[in-house]
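Two complexes are shown next, each including chain A; its partner changes from chain B in the first to chain C in the second.
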Partner chain A sequence: MIATPLFRHLFPALLAMLLCVAPVAAQQPSAVNPTASSVTEKQLLDALKPNSTDTIAGRVSIPDVRAGNLIQPTGVEFRAYQTTTIFQVGAIAIPGMLALLALFYLIRGRVRIQGGPSAQTIVRFAWFSRFVHWMTATSFIALGLSGLNLVFGKTLLLPVIGASAFSAMSQLGKFVHDYVSFAFALGIFLMFVMWVKDNLPALRDIRWIVQFGGMLGFGHPTADRFNAGQKLMFWATILGGGTLAVSGYIMMFRPVSFAISAMQLATVVHGLTGVVLVAIILAHIYIGTVGMEGAFRAMGRGTVDLNWAKEHHSVWVEKVARKRPKDISGGPAPAPAE
Partner chain B sequence: MARMKFLCDADRCIECNACVTACKNENDVPWGINRRRVVTINDGKPGERSVSMACMHCTDAPCAAVCPVDCFYTTADAVVLHSKDLCIGCGYCFYACPFGAPQYPKAANFGSRGKMDKCTYCAGGPEADNSPEEFAQYGGNRLAEGKLPLCAEMCSTKALLAGDGQIIAQIYKERVAKRGYGSGAWGWKTAYKEDIAT
Partner chain C sequence: MTSFIAAVLAVVAISVGASFLLETQQQTVDKTYATSGTRVDLDPRLSGGVAPKH
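Then we have the complex of A and B:
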């Protein structure tokens, strides 16, 4: 260390004497700033603000060109999403929906068949429709639970069952999530094909929505095969499920051309759509089971009570009576559908 | 205990990739994974700089924050490590990491990533220090032997520094003061929320 300054002072003088040039030339190193045109981390981070999806990229000599992203600032937003946003949205949407449904049950109680059970039934869903519905439903429950585990498990389950048990369970959940997704996506596709023609908006849907389906006692609005509430559920399922499938397969197969920001977006869309759809489906499960007398057997046995059908789907019953009278059967009133 | 950090002096890095090779050899890093890489910015243009980048072992690490199974832990030396036994290969840490450090061996079908792999600061994993089990999953554990990461130790121009953050920051400051320029400690602002005033 002591030798260095001495050398530094002597060197220009020696050099000048040797080369017989003016000492000024020897001061060149301090006159030129080699970093003048080079970028610094701070410069790049400043240039990337605010909320830019750009990355600080350069060239790498390894085959994976994406490794050339030196710093990706959107990771900060992804972190905020993963640790806060999805957690809060889920924590509000799902218990919120359960609370709403409980409140609705307390106020309205079970929606009964006003005319009481009749002796007649009407065919509502053929076996294939029911098969597709239950395939989609069971896979959605598996997907929903394994998905929610990734959002809430760390907080709710991990402290209870311990790290290795929770990891083993989550690993299994991830495999289930990946593989069962194919059944779910197929189900969404088939449901769309089967039921889209009965779920197109109609004028009478406006009246149904205004009267809230007659559920609060403003008379029973007319409906075709599906009423406005069911149509909304159909489109929420198709659009939500479709979004989940598309974003999920992006996450699963990770197309090479997709930048990391696109992958982050797919993950965010997938998570938010997932928790919202779980909340929506809770309402569907409620009204299909405890919420309404005579509703479950539509997807259970495939037939419904004629009085139930007349109350909820008057237009549809008329059409069936006209076109397929065989679908309406007389006979003793069946046992209650629970 | 020391707060271990990496510092790459971009004005010294000559992109020889010896750090990459040293890392791969020392830790038996699988094919397709580079725990460390050298990125050249403004390649072929004035102001070209190369930066050797790996896991920076961040303060308040984003990978650990987003991990759904909590497989990350920070050692007493502030090295961010993870357990491959707990990792489920979800990929979230890769999306949260500012430096692209977490990588996956893509070992199985249908998008399964396998267990995440990243720079361990040559400090292995949760298994017993320098046990065969530790080596098989995470590579060497030089830190347990009192040595620094091999990438920095092998660096031919001493561009890549590893060690106690305060000491390597001081070395960098002295360098900048002496030579009169310095394009900054890459990644420090992002990883450690601080910069080296020069």
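Then we have the complex of A and C:
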């Protein structure tokens, strides 16, 4: 018989295959009811519709219940924000502010002391005030650069410096951003305590705003220690910095009780506030340095020229002359005797 | 100038202090996101349906 040897070889092989397949077949359900306890396809498709706010979630045994979130359609919008919106807002706000400042400089030039520098100075900021200002400023620069790297770095820096350098720099930037934030938050708090009473709104602020602080050539409006422009800068810094701190610490510490949507909201608020505040601070840096003669000295040495002070803060100068005349120093040198 | 230098030193000191504090106070991920009594839930993890809105 020709078939006998073949059967003798094939039979054990077929038997072995049957033994292997049998347990697998036994594991298959005998009857499947797809609509009984499993997620129906219609529900999934409904949840995935663009305007849906439904969430497909399961259960997990670890403390972070958010890990059970499988599908959240609003995540699509959040991804669009991260990849597109924040980039667009930043690309408009920051270069836009730089362009505005350059245009203003070309039209107006540097704001000079009209009466010319005097031989007298007046104490503007004490040592501790300047310390707090520079602590907040230097930490904000570190936070701003490391934060902007998250928004623009992948597009602008990665192609230039390469993946390895960009990766190392971004990792370092992440640590800097996290840890330096505490100095910034402390600075914001101290600035609020030190200067809030001098930054409350006053009626004369309206006139200052209408005349744009005299920078357009309509005379110098009176101002107390801080004019309306400085008050706006103060509140933008306090409110913006406070918002950055709160939203940033929500992102950093990730409270377990916070839903994913709350975390996404914190991320959106943090990014948008950050790029807008960077643009605002650029204006502050401009007017405090190249934009106005004599302004940097206030934070550099703590004193300002008396003529500068009389032009920009006439009410404040009168108060200081009346209450703390010792703060005004370096009077005109007496004429030499014949 | 001294106020600026002191401010930079303060930023560095506060940042380094914060990093040490967080390193000692915060739990690592494997401790934070796991329980000592982890067990397999007999119910299906994805029981279906639409979960309540957050």
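Everything that follows uses one rule, which is that the second predicted complex is superposed on the first by the 275 of 338 C-alpha atoms of A that agree within 3 Å, B and C clash if a C-alpha of one lies under 4 Å from a C-alpha of the other, contacts with A are read in each partner's own complex, and residues count from 1 in each chain.
As a working rule, contacts are C-beta pairs under 8 Å (C-beta built on N, C-alpha and C of every residue); 3 or more make two chains touch, one makes a residue touch a chain.
This structure is a prediction, so every number in the text was calculated from the model and none was measured.
After overlaying the two complexes on the shared chain, residue contacts for A:Thr243 are found with neither chain B nor chain C. In the superposed model, A:Leu70 lies in contact with both chain B and chain C.
Of the two partner chains, chain B is the only one touched by A:Leu150; chain C is not. Looking at the shared chain after the overlay, A:Tyr179 reaches both chain B and chain C. In the superposition on chain A, A:Ser139 makes contact with chain C only, not with chain B. In the superposition on chain A, A:Gly300 makes contact with chain C only, while chain B stays out of contact range.
Shared-chain residue A:Thr289: touches no atom of chain B or chain C. In the superposition on chain A, A:Ser61 contacts both chain B and chain C.
Legend: residue contacts after superposition of the two complexes on their common chain; A:Gln171 is shown touching chain B, with no touch to chain C. Once the two complexes are overlaid on chain A, the chain A residues touched by chain B in the first and by chain C in the second are 37-40, 56-62, 64, 67-68, 70, 175, 178-179, 260. Interface residues of chain B, counted against chain A in their complex, comprise 10-11, 15, 17, 20, 32, 34, 37-43, 46-51, 53, 62, 65-71, 85-92, 94-100, 110-112, 180-190, 195.
Residue ranges of chain A in contact with chain B, taken from their complex: 29-30, 33-42, 45, 56-62, 64, 66-73, 75-76, 78-79, 82-83, 149-151, 153-154, 158, 163-164, 166-167, 170-171, 174-175, 178-179, 251-254, 260, 263-264, 267. The touching residues of chain C, counted against chain A in their complex, run 1-4, 6-8, 10-11, 14-19, 22, 32-35, 38-39, 41, 43-54. Taken in their complex, chain A has these residues touching chain C: 37-40, 43, 46-47, 53-64, 67-68, 70, 127-128, 130-135, 137-139, 142, 175-176, 178-180, 182-183, 186, 259-262, 300, 302.
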